[in-house]
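Next come two complexes, and both contain chain A; in the first it sits with chain B, in the second with chain C.
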Partner chain A sequence: MSASAAEPTVGVRRRRHLSWALALPLGWVLLVAILAITADWLGLPDPAAQELIQRRKPPSTEYLLGTDNLGRDMLSRIIYGARTSLIVGICAPFLGFLIGGAIGISAGYFRGKIDLLAVGFIDVLLAFPALVLALTFTAYLGQSLFNVTLALGILSIPAAARVSRANTLAWANRDFVLAARTIGASNWRILTREILPNVLPAMFAFWLVAISVIIVAEGALSFLGLGIPAPQPSWGGMIADGREALDVAPHTALIPAAVMFLTVLSLNFLGDMVRNLVDPRRSAL
Partner chain B sequence: MSGAVSGGPLLSVRDARVGFGTVRGLLRAVDGVSFDLQAGRTLGVVGESGSGKSVLVRSLIGLVGGGSGAVVGGQVLLEGQDLRGLSAAGLREVLGRDIGIVFQDPMTSLNPVMKIGRQIGEGLQLNRGLDGAAAARRAVELLAEVGIPEPERRAVQYPHELSGGMRQRVAIAIAIACEPKLLIADEPTTALDVTVQRQILDLLQREQRQRGMAMILITHDLGVAAGRADDIMVMYAGRAVEMATTREIFRGPRMPYTEALLRSLPRLSDVAHTRLSAIPGRPPDLARRGMGCAFAPRCTYRSDRCETEEPALTRDGARGFACFNPLAAGSRVVA
Partner chain C sequence: MHWLARQVLRLAVVLLCVTLLTYLIVNILPGDVAIVILGSLATPQDIAGLRADLGLDRPMLVRYFDWLGSALSGDLGRSYRNGEPVAQAIADRLPVSLQLMVMAQIIALGIAVPAALLSVRRPGGLFDRMSASAAFGFLATPNFMLGIVLIYLFSVTLDLLPATGFTPMSESLWGNFESMILPSLTLGLIEWTVLMRVLRSDLLTTLKEDFILLARAKGLPPWRVLLLHALRPSSFTLITVLGLNIGGLIGGAVIVEQIFALPGVGRLLLGGIFNRDLILVQGTVSFIAAGFVLINFLVDMLYAVLDPRVRYVRFRS
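For the complex of A and B:
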């Protein structure tokens, strides 16, 4: 952003760059989401159907993305896997934000003892090695989509609490919150009508990033054999399976890895963009 | 400001104190301030930045404290009712019904994600039992009353769509919506363009007269208080150092700090852009107050006693001043 005479054109070019930077990740995320939602109506082969004669086939017209170690159609597994990854990726941070958000917002608003307690709780939760916690959790309660989501959801509580607390602190001392008190608004009303609507955009931005973190974390759990149980396909599980044949059929691991990479990257891009939009320092003006 | 007229004062503050626990010890932001305010009158609270004006008025209505580690003391009576003794719900009711406040910076005193009409109507719904539609209609009337053109259109806009001056008008509309008996304006024009400042002050004064509200007008500029306040309380380092009617203050201050404030006023006879005589020196560190008069290091009338003893606010009839070597009554300030 130079202050030269050519500023208008610079501005236009910047905007075009920005729109691509928005369109590409948004397009990819939407594509993945739509495929995941409509998977049942796409006429895909059963993602669990094994055809051992056709195992480890490279991509072809018959199998667009090839087949895996057990001769299952990779395209179908990627799309159904997207469904699993997105369910975990969206629900786990949602759970974390529900609980962590409530903790963080009350801590930032009420301060004092509640804040001390909340910060202590967050620190304790952060002190547990995350992966070990998730491993113990799924190992004891059993591997299922629900339990994996629950474990990862709990892991996202501290981050959610921190983000919401920091944002609440920034808003709670604004004069309009004091003004709301002088018109006789109760704490509940102030929290829900003055604070929450202002904190939500920042939490939404963080949620987008959290989705990508959770998708990777689910992959890591699968790698350790404690992710979503077979035969339900998930990207992490596919990469873990494909690892066995990395030398003879690299596509079995690389394709799900690439899909996961693109999705995570896109989500991070989008999250950063939303965060820049809702930066409280800027929205003050 | 003094002299209990029949029925007594609207607001009566006795020995108000606010201390903040800081790493450097207790910071006495407000140190024993007492005053009375009659219904319908305007009290100007004047003092340099950091003298405790905002903390004082905020503490009166329970906006200081709540986790900030503040120690609040003293008595605050609104129509004889002790505000400090009220429950949270009781205080909310009194605040909503009887007190309105306008803050310094309209950039931060409006909720950025709520429509303007909603923000004005909220208090009416909470305190006057109006339904949404009635509150919305009243909000538009109030917008028109505070001088906002096209009030119907503005009511459905968000704060960022308005200029600073218009936002301050909206903040005033919010504050007066429930017909409060007391309006507190905390430096309502400091953040605004000079051209707009006068309009906002005129608006405040007009509303105050029409509605018969009492007003506390906080400012660091004696000139702002000059034409608009009935009485003036000068604050220095958390204390009230002089109290008198505005006329008396301008006729002749008794306390050297008030005199210094008067000297720093621009006058019509000044050539444009003459430098004002700013008061040399800085206010004291409130966390380490010495034992003498807080103004001593900057005072030209200082004597030995000023270094070792703190002058109390002495009453001389209706006036009060805290000084061992007061200026003679009726001594005009010649800058």
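For the complex of A and C:
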């Protein structure tokens, strides 16, 4: 019951055309992901170990990416920071995806009061500038990896709910849903067997796009000192630390900034590509 | 004007929910202001006494409706920390934040509109592709990162502009401009990307219309067709996006005010959060959220005034 019969041809044509544009971002994201996963086995120095005599050293053979204000190894901190970014970036949108998806699909399918309630709920959450809400949540929940993920996950509920609701609305009146209802399928069966498989591709594309948004949001929280607590490395926190020594040791801020930029850029590239595959109308833009 | 009444009612409900949600977040979650004020060595008696003084021992909903009542008359309470009226504190810092956001929007529009106009002159041409790539790059740049890079370029390396700090307009007009230019650039250089994309895509649609063909057939020069005939009917989505982006801009302003040490509402909020100053956080977050909701409401209304079809389509569903 999928309507994606015409789309793969578009994808194939694109992929051949844009091979390098796919390979570079994909390669970078994979590199970051693999380093983050295998960080413990790479023989890296402890990312929290301070060596004040060696502070603010520029990149060298001993310290590939130099050392920070407290003499901690930047390469190690970048890689462990990648772990933080990826955990938050993958888990938080997934949480929003689960809760927001459930809200959106039921709202779009059942309509009526449930829809009204869901839209109202989304409206209220969207009435807060996202960062302000995230700040307030983490400030009062207390700072930890789990709480930051939770706060950013709650923040991604409205967007996920909107995407899934809009897609459900588009599918709910199709003939095959009517057919399923006519042969006596229950709501639950229609939702899980007919609607969900069709809404999932759009949700997956949303999730990919959300990863880079959430990585930036985590960076912003940590930059402000309200994200991942201090000794644990986070790219945003590293940029904030490096800011103090911008005049004497610019690499302490610019290296994590560059890594974060490349990661977000690559994820945006990949997200755009997947979104074009899922939603052919967008590729025309 | 039935739809207007309904929209106003909806606005009121959203505002009520927003303040209540803020109240719940700020008050349910852990973090006791009495302990923060008195320090961790305070005796339980002292803490209980201070909580009673501050009115923290009363039921939460009672406190919320008290707060709401005074908030409606413009009294947002006093800071737990220094007794400063919250409404006054916000009013003092609001001009800085507003100036920052207005300057950022001017920069964003100042780049986006010419870039979009130049792009659609030859879609797929060199300029179009270059501006699209630039937009893609800036879109992937977190604002806190761009702020640092700008400080590094313009303050540390070139030594042209002050890195941080704020000069009030009353002190020196030029000094004020100098202290605001990097912060507004930080926000504007990211914001323009979205505006440019939206305007470019709408311009391309408009340029296919018959009246553009007519204008061209009349022999008008291309720039005249673009500026006088195509630009205005293509700017509806742009206005909507300007409104929608305010949320991101407010969040960005919080970060930028912190990076550049500007005394704006965002920094007031951060200070309140760090100090566990509940009443200050409650007041600022409610103020920001209410302002955001109001701006979006006004943009919706503006949209409806500009394009009457909207009244029937958008507000029915």
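One rule holds for everything that comes next: the second predicted complex is superposed on the first by the 262 of 285 C-alpha atoms of A that agree within 3 Å, B and C clash if a C-alpha of one lies under 4 Å from a C-alpha of the other, contacts with A are read in each partner's own complex, and residues count from 1 in each chain.
Basically, a residue touches a chain if its C-beta (ideal position, glycine included) is under 8 Å from a C-beta of that chain, and two chains touch if they have at least 3 such contacts.
In this text, all values refer to a predicted model and were calculated from it rather than measured experimentally.
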item	value
Superposed partners chain B and chain C on chain A - clash or fit	fit
Chain B versus chain C as contact partner of A:194, first or second or both or neither	first
Partner chain in contact with A:23 - chain B first, chain C second, else both or neither	neither
Contacts of A:132 with chain B and chain C, given as first, second, both or neither	second
Dominant toucher of chain A (residue count), chain B or chain C	C
First, second, both or neither for A:37, with chain B first and chain C second	neither
Touching partner for A:182 - first (chain B), second (chain C), both, neither	first
Which of chain B and chain C A:247 touches, first, second, both or neither	second
Touching partner for A:219 - first (chain B), second (chain C), both, neither	second
Gap in Å between nearest CA atoms once chain C and chain B share a frame through chain A	8
Contact residues common to both interfaces of chain A (with chain B and with chain C)	285
Touch list for chain A against partner chain C, complex	120, 123-124, 126-132, 135-137, 139-142, 212, 216, 219-220, 223-226, 236, 239-240, 242-243, 246-247, 250, 253-254, 257, 260-261, 264-265, 268-269, 285
Touching residues on chain A, where the partner in the complex is chain B	110-112, 115, 174-176, 178-186, 189, 193-194, 197-198, 283-285
Chain B residues touching chain A - in the complex, by the definition given at the top	58, 61-63, 66-68, 89, 92-93, 95-97, 99-101, 103-105, 107-114, 119, 122-123, 126-127, 160, 171, 174-175, 177-178
For the chain C and chain A complex, residues of the former touching the latter	13-15, 17-18, 21-22, 25-26, 29-31, 136-137, 139-145, 148-149, 151-152, 156, 163, 201, 246-248, 250-252, 254-255, 258-259, 269-270, 273-274, 281, 285, 288-289, 292-293
